[in-house]
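Okay, handing you the structure first.
When the chains are written out, they are named A, B, C and D in that same order, and each has its own residue count from 1.
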Amino acid sequence: MSNRTLQLGMVGGGQGAFIGAVHRTAALLDGVFALTAGALSSTPDRARASGAAIGLADDRNYPDWRTMLDAERRRDPGQRIDAVAIVTPNDTHFEIARAFAQAGFHVLCDKPLVHTSAQATELIRVVRNTGVIFAVSYNYSGYPLVRQARELIAAGAIGRIRRVCVEYHQGWLATRLEASGQKQAAWRTDPARSGAAGALGDIGSHAEQLVACVTGLELESLCVDQSTFVPGRQVDDDAAMLLRFVGGARGTLTASQVCVGAENDLRLRVWGETGGIEWRQEQPNELRVAKLGEPECLLRRGNDYLGPAARSATRLPPGHPEAFFEAFANIYRGFGAAIHAGASGLEAAAQHDFPGVLDGARGVHFIEKALESARSDARWTAARFIPPA
Amino acid sequence: MSNRTLQLGMVGGGQGAFIGAVHRTAALLDGVFALTAGALSSTPDRARASGAAIGLADDRNYPDWRTMLDAERRRDPGQRIDAVAIVTPNDTHFEIARAFAQAGFHVLCDKPLVHTSAQATELIRVVRNTGVIFAVSYNYSGYPLVRQARELIAAGAIGRIRRVCVEYHQGWLATRLEASGQKQAAWRTDPARSGAAGALGDIGSHAEQLVACVTGLELESLCVDQSTFVPGRQVDDDAAMLLRFVGGARGTLTASQVCVGAENDLRLRVWGETGGIEWRQEQPNELRVAKLGEPECLLRRGNDYLGPAARSATRLPPGHPEAFFEAFANIYRGFGAAIHAGASGLEAAAQHDFPGVLDGARGVHFIEKALESARSDARWTAARFIPPA
Amino acid sequence: MSNRTLQLGMVGGGQGAFIGAVHRTAALLDGVFALTAGALSSTPDRARASGAAIGLADDRNYPDWRTMLDAERRRDPGQRIDAVAIVTPNDTHFEIARAFAQAGFHVLCDKPLVHTSAQATELIRVVRNTGVIFAVSYNYSGYPLVRQARELIAAGAIGRIRRVCVEYHQGWLATRLEASGQKQAAWRTDPARSGAAGALGDIGSHAEQLVACVTGLELESLCVDQSTFVPGRQVDDDAAMLLRFVGGARGTLTASQVCVGAENDLRLRVWGETGGIEWRQEQPNELRVAKLGEPECLLRRGNDYLGPAARSATRLPPGHPEAFFEAFANIYRGFGAAIHAGASGLEAAAQHDFPGVLDGARGVHFIEKALESARSDARWTAARFIPPA
Amino acid sequence: MSNRTLQLGMVGGGQGAFIGAVHRTAALLDGVFALTAGALSSTPDRARASGAAIGLADDRNYPDWRTMLDAERRRDPGQRIDAVAIVTPNDTHFEIARAFAQAGFHVLCDKPLVHTSAQATELIRVVRNTGVIFAVSYNYSGYPLVRQARELIAAGAIGRIRRVCVEYHQGWLATRLEASGQKQAAWRTDPARSGAAGALGDIGSHAEQLVACVTGLELESLCVDQSTFVPGRQVDDDAAMLLRFVGGARGTLTASQVCVGAENDLRLRVWGETGGIEWRQEQPNELRVAKLGEPECLLRRGNDYLGPAARSATRLPPGHPEAFFEAFANIYRGFGAAIHAGASGLEAAAQHDFPGVLDGARGVHFIEKALESARSDARWTAARFIPPA
């Protein structure tokens, strides 16, 4: 690892924010990035206090993202941030991401990327024009055994896919937690900040991306039943849908935040003509693989029998479990590798194995189509994502 | 158990039939029934040979069910069969069940009960008129921990139900097994014998009944995506559906026979306002129960902390696993108890805890409505079952 | 199955006895045996009442085993019992088994077989002289996947064995249950009836047999730590031991009845030079198999990839779980097959795959040596079993 | 976290060393420490190259630990390292640890601490005299649910302890890997570097510490069977032992590196008079707790129902799994907290919840006594550890 440590700036993620600390731990885990600048809150005082608490140098601890952008672009090339991580509520992603990208900074943005497909298209355009590298933190695709599943499926290990079952179940919003002032619950259930989709956007989008990433399938149409079970809540907290993929595969996707007892239960099962795979985020070091007529096998992280994608995403030997932070760090690692490699624009994501702006745009399109289907009372709605030319 | 052993006759279940042997083992397990007569095949020679092989007395080893019915009704009351078990392919259930019931014999019939709601309504009428006891072998509801789940939910342990997820996945029809002459595959994929629904009827009907039994919810409407993945197959081998229940609960049901690696993977999860439960047929001695803010617990068969329904459905101490046969035998046990108790007609099933003709009729209605929705390309289809007056 | 149903008599197993009902269910499960005679209790009135309750014919419902033996041997050959099942407390096994065997009846006796090696040697002598078939109900070796494990190991699938870990943990005697009058606890903790060994004899003997059966290893020496944790208890309720096997393999065996939370937790793990296996009685339909450098696999009951021993011990398709009764019935099935085949004496057990009198004798020797080691304060004690010449 | 970041120096852990990178990741994970100096190899060139590769400043990238010690102590108090992490092979721990501690640097040393109890006693003396804080990286005790288990047991949740079962099974040394030149295998099987105990020292010592930490029991005596299964290997690769604890509890401990299929399978089960607990390192986010007469419960990391020790050792919400690095980091976190708090000497470990020099000394004593018992052919050997006065 003879590459220099990259400078990362962060927007959002101040005191009380869950995901900011996660991003920082992930970004720093491998020493690829160092956090050298930040505008950690939309409230200037809070931003400065948050930056001080995590040890940002005073002159790069900014009161707001515009100040940070201006100041950093005025620094000498070797002295400024290489990339920015945007970990603010969803409604602000677009403006911030566009501004930094236009200024030539690489961007890693939280998901869902933006609120509208028009915004996503605009970001794609900016990435095309500037050549900056743009990642979206669909962190679950960073797990080694997710990559193993993808590699197995791409190699035909389970044959042509027939059925996909993806679930993302949580229970933490089973009661009206947002009424208690809990910060995470408050913004995620506020349509002004989270967008029109609640559970659909917050966790359904992860489920969609996991399917796309592992199977390579393109969604053709979907048929959605969306619910708000907790009285008084302003967004959906539960959704179930039927999926049809280009080429004939079928699927179900459920995303619910009212499943009491579920914690962060993202599971993927895929069955093809000759085999099946199963992976669970809460037991991430294991992948179940079945083949016609053979005993089911358990593939475990860190073993030599895994393919290169899984092996290169691993830090510890078998049996020394890795988990959430390491998977998240794998997104930063790919992002950092692309920067070091001088990669550029839309191609960088596939080349360096991280979710990019196209994945983010596809996710936004998915949410739009899912909401459209739900409003039509579960009518099949065409949902194929065609990247803008 | 000072009650006399009841005499059971059997129609179907001859050599090569899987389910016949299961019924015999289940019926005899507790000594409630003895098999004393049979017409074990639709082919007279095969019927006689099958009966001889399992030790039926020569004079009660009948060549066909009509002969059996005539002969048995002419025997003295204490010398004739008390009940008949009908384990033939689905297309013949109606005629046989009606004939025996009209003759005053108690009936236990395999599922799905019949092919049309009109037939089901006619059977209900016969049961009402004759007072015979009529059971349908939805065997999975015989598991002790299924009954515990039902009892917990009825007692409000998880609060008002919000979401139901039921899956029934098998992999044995992932290839065109029926083309090989395998008998089970052949009749189950032949619409003339199995009915218009393949996986939907064969296993989807079990899933529907499990939900109804455990949750007590009434289905309001459904939205179905049905598939035939194996080329050349004449019935569906895969179905997924969205469910809405009276009162606002939502659900998903998947039934597929092409899930490579799945064996007989029937699972039920139910979440309510304050808790959730999970049960899997392949690990039937365990029930997971979650409550808001508490650690998840594992309830295990045979323990004193279980309720009366689960405890009375058990034969062995904790840790001495019971399984498929015992659950199936619990259906026969309830059926036999109803006979011994002199119960009568439609009320007997609820009183003695076995699935009755109304459950069978509801299942037929479910299949009809599911097919109707599937043909409409996944449109919401009203599916509430109103028992005939 | 064109063989005639065999007549079984039973000694012990009257009202309130757990194991009697288990034996009856197991014996009858496949229709190999019918229960036609019995002396079900040591108390004549209770014996008669118990026999009546389960429907024994009045003239073969005997007040005591001697009467039964006399009466049955006077019946015509085709009208008498073929075999006797002895399910009494351990202290009476010897006398009853010897008497029936000497009279030419086949015997299936509960474990541990007898109290002393001298008694066991005498039974072996009787079997040699009379040629009767003698089975011992080490029921856990009847599980299909135990047989698969045995077959795999014999075929070299894990190489030469290095380490064995067998555990049999229960929790039901964690308190002084015997003081409450619970019948099972009372006799099992009474040295006059159960023998000098408590947990060691009751469950440790199963663990020893499981190891011997699956691995084929011969015990060379052992080193035992035995405990009585519950105050006032007269026998051990917990034992742990180190094992050395002929040829260099090592092992541990723990048998405890005070493990709160454990139900009937018998587990076996075996590691060899090139692989390992794991089996748990409470999940009996699954066998884990690991091989050097390969993913661990799960072998499941009922599949075609299993070997003949496992496949022939199975009644239901994959995913339709079998459990305790079916495994127990497999012992009866082998015993019955030996009778039908006209097998004879000591060779019958190996030929028809059931535990025989030599296994019973080895178990008695194991208990003696374990107690000897325990009394020496965990000194290595030679424990190799040499069958009497 | 307003405390300043502490400066950490590292001895050992250069290129090719597994554990060095683990320590660095763990130390830096929470930002408590920054790595500012190092002598990363015993070979000066390699040391310098390794330090450069991870970005050490040139003037603090030392060729050997003595140079580092001399140079760092000459730096101004605020400019020198606060603490040193010693991650060299075992044979060098003593000299290095003593030297740094005597110079007043806080020490975190890998396990097993040293080779002899005399060395351990000397280190204790130095800690007493200098007041430095001394941690030993028994990392498994850093898992939140290990701490929860400890807290539950201390609070009497399972009553007085009866039986302990601890296992540490690996399979990576099932073949003679050291002959291939694999660096980890080479030094761990070389008695000159690893000490006389192979598996016993490498992983058995972790097992011993886990038991001591969770149960609070003191070992009274042990009886050991030690094996070397792989031909040509110079140290044991497998050990099993019986344990007796002060107060009457009994236990078994197995430590083996030849269990094919096992990866890093450290498990602890403890049963007391009224309950039991089970924890597995490979599923570290879950703790099973059983109580007399109640269903078993699964306690999961991150939930509010856990006690303060578990909650304060956690970084992520429930269902977002934490694993090996985070547990390891918890040791560093406690060590750092003690430094920040100005704690001093032997008391610091208990006060700030990390394993200290007394734990290290107890571990050395355990290995000595285990070897003594093994050489006596599994005779009970007194093994109580009395900290030096």
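Throughout what follows, a residue touches a chain if its C-beta (ideal position, glycine included) is under 8 Å from a C-beta of that chain, and two chains touch if they have at least 3 such contacts.
What you are looking at is a predicted structure, and each value in this text was computed from that prediction instead of being measured.
Peer 1: Which chain's C-alpha centroid is most distant from that of chain B?
Peer 2: Max centre-to-centre separation from chain B belongs to D.
Peer 1: Report which of A-D and C-D is connected by more C-beta pairs in contact.
Peer 2: When C-D is set beside A-D, the one with more contacts is C-D.
Peer 1: From the mean C-alpha coordinate of chain A to that of chain D, what's the distance rounded to whole Å?
Peer 2: Here the centre of chain D sits 35 Å away from the centre of chain A.
Peer 1: Report, in whole Å, the distance between the mean C-alpha point of chain B and the mean C-alpha point of chain D.
Peer 2: Taking the average C-alpha coordinate of chain B and of chain D, the gap between them is 56 Å.
Peer 1: Counting only Cα atoms for the centres, state how far chain C is from chain D in Å.
Peer 2: Once rounded, the distance between the two centres reads 44 Å.
Peer 1: Which residues of chain D are in contact with two or more other chains?
Peer 2: 262, 296, 300
Peer 1: How about chain D: which of its residues touch chain C in the complex?
Peer 2: 158, 162-163, 165, 167, 171, 174-175, 223, 225, 227, 229, 238, 240-242, 244, 250-252, 254, 256, 258-262, 269, 271-276, 278, 288, 290-292, 296, 377-380
Peer 1: Touching chain B in the complex: which residues of chain C?
Peer 2: 1-2, 5, 18, 21-22, 25, 28-29, 31, 53-55, 170, 172, 262-265, 281-285, 300, 302, 315-326
Peer 1: If we count contacts the way the header does, which residues on chain C are in touch with chain A in the complex?
Peer 2: It is residues 289, 293-300, 303-305 of chain C that touch chain A.
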